[in-house]
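As written, the chains take the letters A, B, C and D, and residue 1 is the first residue of each chain.
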Amino acid sequence: MSSSEAMTTDWQSVIEEIAEEIKPLLDEGKVADYIPELGNVDKANFGMSISLIDGREFYCGQALKSFSIQSISKVFSLTKAFSFLKDDLWKRVGKEPSGNPFNSLIQLEHENGKPRNPFINAGAIVVADCVVSHTQDSLNEIIGYIRGLADNKNIQIDHAMFRSEKAFGHRNAALAHFMKSYGNIESDVDEVLDFYFGHCSLSMSCQDISRAFLFLANHGVHPRTNKRYLTASQAKRLNALLLTCGTYDAAGDFAFRVGMPGKSGVGGGIAAIIPGLLSVCVWSPGLDKHGNSLAGVKALELLTTKTGISIF
Amino acid sequence: MSSSEAMTTDWQSVIEEIAEEIKPLLDEGKVADYIPELGNVDKANFGMSISLIDGREFYCGQALKSFSIQSISKVFSLTKAFSFLKDDLWKRVGKEPSGNPFNSLIQLEHENGKPRNPFINAGAIVVADCVVSHTQDSLNEIIGYIRGLADNKNIQIDHAMFRSEKAFGHRNAALAHFMKSYGNIESDVDEVLDFYFGHCSLSMSCQDISRAFLFLANHGVHPRTNKRYLTASQAKRLNALLLTCGTYDAAGDFAFRVGMPGKSGVGGGIAAIIPGLLSVCVWSPGLDKHGNSLAGVKALELLTTKTGISIF
Amino acid sequence: MSSSEAMTTDWQSVIEEIAEEIKPLLDEGKVADYIPELGNVDKANFGMSISLIDGREFYCGQALKSFSIQSISKVFSLTKAFSFLKDDLWKRVGKEPSGNPFNSLIQLEHENGKPRNPFINAGAIVVADCVVSHTQDSLNEIIGYIRGLADNKNIQIDHAMFRSEKAFGHRNAALAHFMKSYGNIESDVDEVLDFYFGHCSLSMSCQDISRAFLFLANHGVHPRTNKRYLTASQAKRLNALLLTCGTYDAAGDFAFRVGMPGKSGVGGGIAAIIPGLLSVCVWSPGLDKHGNSLAGVKALELLTTKTGISIF
Amino acid sequence: MSSSEAMTTDWQSVIEEIAEEIKPLLDEGKVADYIPELGNVDKANFGMSISLIDGREFYCGQALKSFSIQSISKVFSLTKAFSFLKDDLWKRVGKEPSGNPFNSLIQLEHENGKPRNPFINAGAIVVADCVVSHTQDSLNEIIGYIRGLADNKNIQIDHAMFRSEKAFGHRNAALAHFMKSYGNIESDVDEVLDFYFGHCSLSMSCQDISRAFLFLANHGVHPRTNKRYLTASQAKRLNALLLTCGTYDAAGDFAFRVGMPGKSGVGGGIAAIIPGLLSVCVWSPGLDKHGNSLAGVKALELLTTKTGISIF
């Protein structure tokens, strides 16, 4: 899609068509239920928000309603850690697709406590440790950072979610202790997990998230604030990571069907970008077997089909 | 990079600069030596060829010298199989990065004989079986097909290479028998392996290969011949597969550093494309620990850095 | 059990009681059906034969009816290979329980082509290669060897079984090619597989097998013929291997419940021994989920419970 | 070995010969050093103690010196848990050799949080949870239990060891949290780990340990006190488990070379038994690559060679 085509696309009509077409799918997915706070969300929800780097915005459905961002938070903490550790970060976490479910300890054991990539849980816990070890009051600071990215001071932690994540987080605790045994966690395990579960428990809307991802579509500079978050090269590289690793062990299929760098969360949100053009966030709580929003993936596939946008 | 920038880039100077800059790396890699025919190639070789979809071509170094294409052949047989089986192909082979070395049987066992993707050896053997089971005289036919793609009637099999591949191909024979035990090989194992080793043993130059990949940069239609090889949607999807799975278990790092869909071979060649713009092939026989050309990856990284081209 | 107790046990009554008690189990197992020749056997069959080293013999049921010995053959080829290679054998095959199903390639890949033990298929194929590489006309020779052990010249290969094993043996072919790629198969793969499938396809009765195992209960010397097959130390060690590895990935449970060194086959036979006392063979074609005869394991458990014999 | 032979064996001479013969090996092993308290022990130590069920005892070297029992403790907690949970225990922990290093999470993940056997760390942590969940003041109670078995009221925890185990126990914490995530840990993780590390940190001498294991050689009844700890059937079965799983991933080799059910600890102790005859404990801190006492394994192998005792 050329820039001139992007100017003339009727984005509002496109997303409304999509919202109509995915309706039959809303009932098919399965809402995450490993903690009650996630399980209580209504599967009928669907929202979609597009932010163009030229400043225009389009949304439909429940795009202004907050939901649990879950793993989408990993992009924010990674951006922060990448911006201050630069390429030293990759000494502690890899850049390869995992080929295994997102919370697997197997690969971690084969590779001596260095997680495959920053988007599997183990990798995100290492990134969390990087942030915790380099900042004071790290949880409040990341919340401020995310509010800045989304240009919304009202973004809050869902504290019931936070408590449940901690109470049921034995597998993530196992990952953290396991990496600690290899020396790949510097701070105290409980402190790292608090940060990790904390920023996973933020509630944001589709609009918040599409706005917050816009810097990745604009070479690292947020067009709403002109603030630089990453260098152009770093932004390009983070996009590459999102494409190869951002959607759990379905990243290949997501690239095949959708063709956009993106990140999903078990709360049902998916954020994605087209470099040089736009960021988008879609939300629908019913998940497919890989843990990605079932209607959300379809909505993004329709977006690329209808408009011809794709990185490939 | 916009189209107008592509017009004004001095491609010849860029690739000559690159050829100069990678010189110190030529000695660092390790030439594949599992068969003598590969081990005898001089590490000092370096060639690079760029084919733009507007018809212009640029090359430097040993870009016209033939070398063993090895796994680059997998893209040609996959294109053929995808064009006639369409999405039925994915019932027999997956679309996900493997997370394991390219000839691993482990993942295959965990997933009941369905290979992760068409670029690991097991997947390419399934693709070979698809071609063998659907064509007469399949090896000669694929040679004709590749000659057509490269627009060069002189492309030949290196028969000494072919014999060696078969004589030392116990691991690929193991993969084929193993998948046969799961019912995922239809034709006779020896016939499939003959096709597989045969088209891996083709000799082509950088120029042949960059020309042959140009249809992937042009929505499935070869701009030199106007022949359609894949639909636009299929071409886009094959590019996505190349990005996530094309460079063995270093696909994440390749996307991170280079940011182009590409396919490497242990003969030292790497082909890559920028959709809508160009295809490129680089050759240097010294390999890194993942089996990709060490200087070749660097040359492609420099190409993207110097010109700003990237899909991200 | 002391020697004097063994003298006074009424073995005939014991095995007849057992034959009665296991009747309800005969219908529960599942006959192996990966080849038609195995699938056609009637589940109602049950036989049991005990050979004491003092020369007495007891049997009941179908103990004189021939069945396919399958993996029980691995003990015979191992005995032969161990007797001439001595401890050099363990350079090529390990002595540890596998912890994985008997035909797994996974462990083999992790351990560079050296099988865990001689009773998983990969290990038995290496043992077969040892025999093939050290004998002329190896299949006929091993048949003669087994006839000698069982003191029965009429033991024959079931040729329909043999042909089926070869026709459906893709997984074993995969194992052999895979180990060949690591250099752990010396002879031609097809020749090794012919030997392997050949001696697996022998038909023997419970009585043949209990007689053939008697040397393991008697420090390596067959009490019927006074022929030494192994040294006392080797016999002791082969018994240890049978205990830890002889019943696929159920060896722990078999030791726990039965407490005898033993070897099972998917034809439904199980041979076991009590050092210094006896060998026993039980046959019932219905298998449990581990591939061991369901009623057979129970019969041996009852034998130890009723008589108090156990190595523990 | 018959009972009459056991009566006439000059056990004292045998163990003194062994102590002499293993001297050259004392320097070859590697003392465990993951915590300082273990690393500080002198490799020159060697002790051996034999307890016969007829009441006689023999010892040599440092057999009365206390050392850290480490994993040998797992036999005591397992005996306790087995005695009150009976076969319900096996719903939570398996009975098969692991085929993997003793602290692996891989197998645990493949088998949904149910450890392979009670002697790998994960299995022992489940057993610890069983004890903790069924007793008050569980650590003091198990200490009393072990004092009773060894008939020695002075057995104590080494508190510096205990603190170090907890401080460096991240991998065991990972195992416990991981199994908790599968619902296979009932009590609080920290409480279970306290018990686990606590009884691992007991100091005992060879004599203490050989006495404490005597009930396993005597059908579950301790001959010194006539107290029954397990039924005859349970004792037999625990011996089978020791044989197939008691010496980490070298159980096959230990059975092959030594032929006795036994349990080793990284403190350098190994306890073993011959049913109906004796228990033995050997201690030497230098370990082989599997974590078993290098000179200790050799000493037990010599014991069986010199006296002819073996279960096979």
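Here is the rule we use: a contact is a pair of C-beta atoms (placed from the backbone, for glycine too) under 8 Å apart; a residue touches a chain by one contact, two chains touch by 3 or more.
These numbers come from a predicted model, not from an experiment.
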item: Inter-copy rotation, chain B to chain D, in degrees (Cα atoms; steps of 5); value: 180
item: Between chain A and chain C, centroid-to-centroid distance (C-alpha), Å; value: 56
item: Where chain A and chain D are represented by their mean Cα positions, the distance between them in whole Å; value: 48
item: Chain D, residues touching no fewer than two other chains; value: none
item: Chain-to-chain touches, reported pairwise for every pair that qualifies; value: A-B, A-D, B-C, C-D
item: Chain C-facing residues of chain B, complex; value: 104-106, 108-110, 170-171, 173-178, 180-181, 189
item: Residue numbers on chain D that touch chain C, as the complex places them; value: 2-3, 94-100, 107, 116-117, 235-237, 239-241, 243-245, 249-253, 255-257, 259, 261, 275, 310-312
